[in-house]
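The data blocks that follow each hold one structure.
There are two complexes below, and they share chain A, which is joined by chain B in the first and by chain C in the second.
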Partner chain A sequence: MFKRIVHSKGLGSAVALFIVLLILPPLVPRFYVYILALIYVTSLLAMSLNMVVGHGGMFQFHHAVFYGVGAYTVALVLTKTSLPMWIGFIAGPIVAAITGLIIGWFCVRLTRLYFAMLQISLGSLIWAIVFRWYSFTGGDDGIHGIPMPSLLSSLNNSYYFILIILVICLIMMYMILKSPFGNALQAIRDNPQRCEAVGINVRRYQLLGIVIATFFAGVAGVLFVVLERSVFADLLFWVFSLEIFIMCLLGGWFTFAGPILGAAIIMALRTFVGKYTEYWTLILGVILILVIFFLPEGVMGYFQEIFKPRTK
Partner chain B sequence: MLQVEAIVKSFDDFKAVNGAHLTVGKGEIVAVIGPNGAGKTTLFNLITGQLKRDSGKIVFKGEDISELPPYQICKKGITRSFQIVNIFPRLTVFGNVQVGVLSHQRRSSNLFLPAQNIAVEETKRILETVGLSDKEKSIAGSLSHGDQKILEIAIALGNEPELLILDEPTAGMSPEETLATMELIKRLAQMRGLTILFCEHDMDIVFSIAQSIMVMRQGQTIIQGNLEEVRSNKEVQEAYLGGE
Partner chain C sequence: MACGPVELICQLLVGLSRSMILFVVCAGLSFVLGVLRVPNIAHGSLYMIGAFATFSLTKIFPGSTGFWIALIVAPLLVAVVSLIAERALFCHLYQREHLMLLLFTFALSLILGDLVKIVWGAEYRSVSAPALLKGSVSILGASFPRYNLFLIVIGPLVAIALWLFTNKTKIGKISRAAAVDREMVGVLGINVSWVFAAAFVIGCYLAGVGGALVAPTVSITLGMDHTLIIEAFLIVTIGGLGNMWGALVGSLIFGVTHSFGVLFWPQFAIVFPYMAVVIVLLLRPKGLLKSVW
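Right, the complex of A and B next:
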């Protein structure tokens, strides 16, 4: 059964897992419901980053910015305007995608490390704006007590909402990666020069990939607000970007579901080891070193390799 | 069909291509020969837009293409294979060829249809033509060197080019593989009415299939002509053939 989950072909197992997660909330303590929901939000963020990094081969080092932009957009619409709430929910991902379009437009003109450096710089610029603009974003205080629709008022309802949106997004991402566009994106990752030679406008596809990924990062940002009802500038800080980058690396960035596993591992470490010591990142560091040396394709990649159907 | 006129490309002070000329007629098989470092690959990179020329002109079907980026040149009907194997190592053989086919059909930006159902027939037909059908599910990076070189050509065919440019298609191949590849090239030219421009080290290969031969030395064209003209040219004999 595990083999099937790993290969993401076992639709049955995935549905079974989904049902288990659906009936879980009344059965486990509130704290675990909260942690699970936080893992879902972070998973979606890591998955969105992996579209660019793992499948697109672009060094999007500062991805958290788009998560933060999505979260702040919905927070600002809900607190500063009297627009209907659903507009905030839709605006989050859209504004994130537009930010992605603008930053990406500059970044795809560069390659590799230069792409990464420019991306970090432009991203940090947005962080600085959010961090300093007290009158608008609340600066380093953030925005708290964001009102939510009554439907999402209880933790369990938020949990269900987040889980369902996560599943919808995962299905969409899966379809996109299996589409001709997904193929082209992965081909560009493997060999951009060759793609140009078969008539693919590499920059345009990379930019489209970034826009799609930042859209999903924006969705994750909105879900974060649904769960936490607050936003703060740390959401856009580059250290957090590094953390989600590590999630992709840990889980396996050439696999579809690897980043979910990576996100779950890191969130679990932070929660359960973080209780005993504030130096939990030390353990993360050791794990990361071991993964890089022994499982270069990530944890999920490793299991995929083991359970690969023998072709004879 | 293709005219290259007095083209120049320098890297810093080194003139890799220094006023080369080349004419390729429709349906012809044209070879470019010359010693190592003569500028053959650079010339090809200029034609397909991987490099920008310093001066000179490249005209394809009456249109100046010397300022276009590679992906637009490809859309005009010129595709190429590379000297150093240049495939998508993580994709399957099928996936490799499909990238080109989808791009040609302008369906690469389709976001929501599963790619495995699109352009299957065309892709399979190409794999059959080049003889890679039985390996279509293999990961491209795991193929033998010879098969990877063939895959190179197959990827280029996906765009249904009018002019196919092959940069040392048989480099690093065993004698049998070389022979098979040459047969393939001949067959492609006949079956698809392809115009083919290639460069090659092996003189036997060149003389066996090329209808027109251009000889390069130090970035310049010594002569372009048929087999006899090239063979009888004094300068060519000194520069190149004489050594053998």
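Right, the complex of A and C next:
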């Protein structure tokens, strides 16, 4: 009963927030529209990572690779082929999910730190190829000036497109996490041995979790291209993977919407702090240390903890 | 593309000398990993500090003695930095889960990376090798830099020193014991927190040594920490986490495949070591040698 009320409250505020965000673009300067859209893209990426890290308990340490693969796929389809553009938009997430399937298939045989290390090495292999293959991926220059369908030509239209895709993805993620599959994934996180004992195929569930998460990371990659019209190899670099990790931690691992909050905080800070100082990573490091010491459950987890006793 | 036997041998030697720098750094990383069970992401930043400190010290002490002074002082400086970080912050986290420790080291690497930028700026720096090791020697008719030979000699020396330290000294034995069963070591009345601090500082000291050694061979710049740490992670993983000899084997695989990659397909040279790592991990997911865990 209590849970249902909390959820309806959450749903109500989410709908209100969505309506506010819908009417915002004509009212605020272009720059803020762009920053908001960038926050949506990054939150989708952080949400997809949190599906495997927070809810799945896997050490997915190189998630940015799938984001980058999705972005590069759509960029390559739009620039190098004459296929219809919508094929690129669909191909991005699918290729990212296939990459996730291949890398995940090797990784789920291992646990924890070994899982992380194997994923970093496989991901770095993809990064190295993208970074060096000048004739195909543009190497460290990346690809710029990617043509977009006329529908997405203006910033406001891109903004609406990104916002709507984000909302659809969030609803899908919520349904997946509340489904029996999502429950099994969280059970595996909490106690893999017991899950195996009651007949859950742990590896298969984990692999499926990775494939779903990488699919959404690919969607985020496509949205990034829609917003930026360019891709570069840094999207696949492992430092960026850890930054997404920080977003999940900052927002709250074990909450549904935490990563969105984390991504919004980090991206907003980066934009506004970046205006005054070039030492953004120093500040990011300090924030991370503060979170580790004082907010290990994240901002969202902290507030949940505070409000729990009162509503009970 | 000339691929005579002489070129092959020369390239092998270049690969070996690069491997030795990697080994010195990875031995430190592996040592920390073995005792604390934390992959120290800040290791790369400490390596970078070692290299930049070497640059500054050779500026303060010009002439050929400068490099030798730097080779001794720069790693100590790095050790002091790591000791401060460990005692001030890191030691309060030992009770927490491992992911937090790992993310802490990442935060440390972010902070140290920007501190280097504040102290030394973003320009490229270079250090010249000491007079004794300048120039090149002739091997089978091909000229080979003397400094690289020095590296090939110093690598095994570090390996032997580290082996003697972990097997023959008391603190080394205690740290190995702490790697296997930290609670038991605590029960025996040893201050585990200080054992961890010592292990962390020794590991970071080796990162500083690696930074000082690499200084004359590359241009010292921001971002060298990021490329190195990922290589170092892969090396300790294929060697077996926490196994020093594994770090040696991994470094050799990594360095030699890279240098042969340069010879055969320069554009994709960077891909070869990653391929080697992937192949090793597919065949032996837990590394070539036994992990200490």
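Please note the rule applied: the second predicted complex is superposed on the first by the 299 of 312 C-alpha atoms of A that agree within 3 Å, B and C clash if a C-alpha of one lies under 4 Å from a C-alpha of the other, contacts with A are read in each partner's own complex, and residues count from 1 in each chain.
We take it that a residue touches a chain if its C-beta (ideal position, glycine included) is under 8 Å from a C-beta of that chain, and two chains touch if they have at least 3 such contacts.
A quick note: this is a predicted structure, and the numbers were derived from the prediction, not measured.
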Touched partner set for A:Met85, first chain B, second chain C, both or neither: neither
Touching partner for A:Val167 - first (chain B), second (chain C), both, neither: neither
Touching partner for A:Thr281 - first (chain B), second (chain C), both, neither: second
Partner chain in contact with A:Phe254 - chain B first, chain C second, else both or neither: first
First, second, both or neither for A:Ala197, with chain B first and chain C second: first
Touching partner for A:Leu101 - first (chain B), second (chain C), both, neither: neither
Chain B or chain C, by number of chain A residues touched: C
Touching partner for A:Val273 - first (chain B), second (chain C), both, neither: neither
Residue numbers on chain A that touch chain C, as the complex places them: 59, 106, 109-110, 112-114, 117-118, 120-122, 124-125, 128-129, 131-134, 237-239, 242, 245-246, 249, 278-279, 281-282, 284-286, 288-289, 292-293, 296
Chain B partner contacts - residues on chain A that touch it in the complex: 175-176, 178-184, 186-187, 189-191, 193-202, 205, 208, 212, 254, 311
Touch list for chain B against partner chain A, complex: 48-50, 69-72, 74-75, 79-80, 82, 86-91, 95-96, 98-100, 102-104, 107-116, 118, 137, 155-156, 158-159
Parts of chain C lying in touch with chain A, wherever the complex brings them together: 39, 41, 89, 92-93, 96, 98-100, 103-104, 106-111, 113-115, 117-118, 226, 230, 233-234, 237, 241, 267-268, 270-271, 274-275, 277-278, 281-282, 285-286
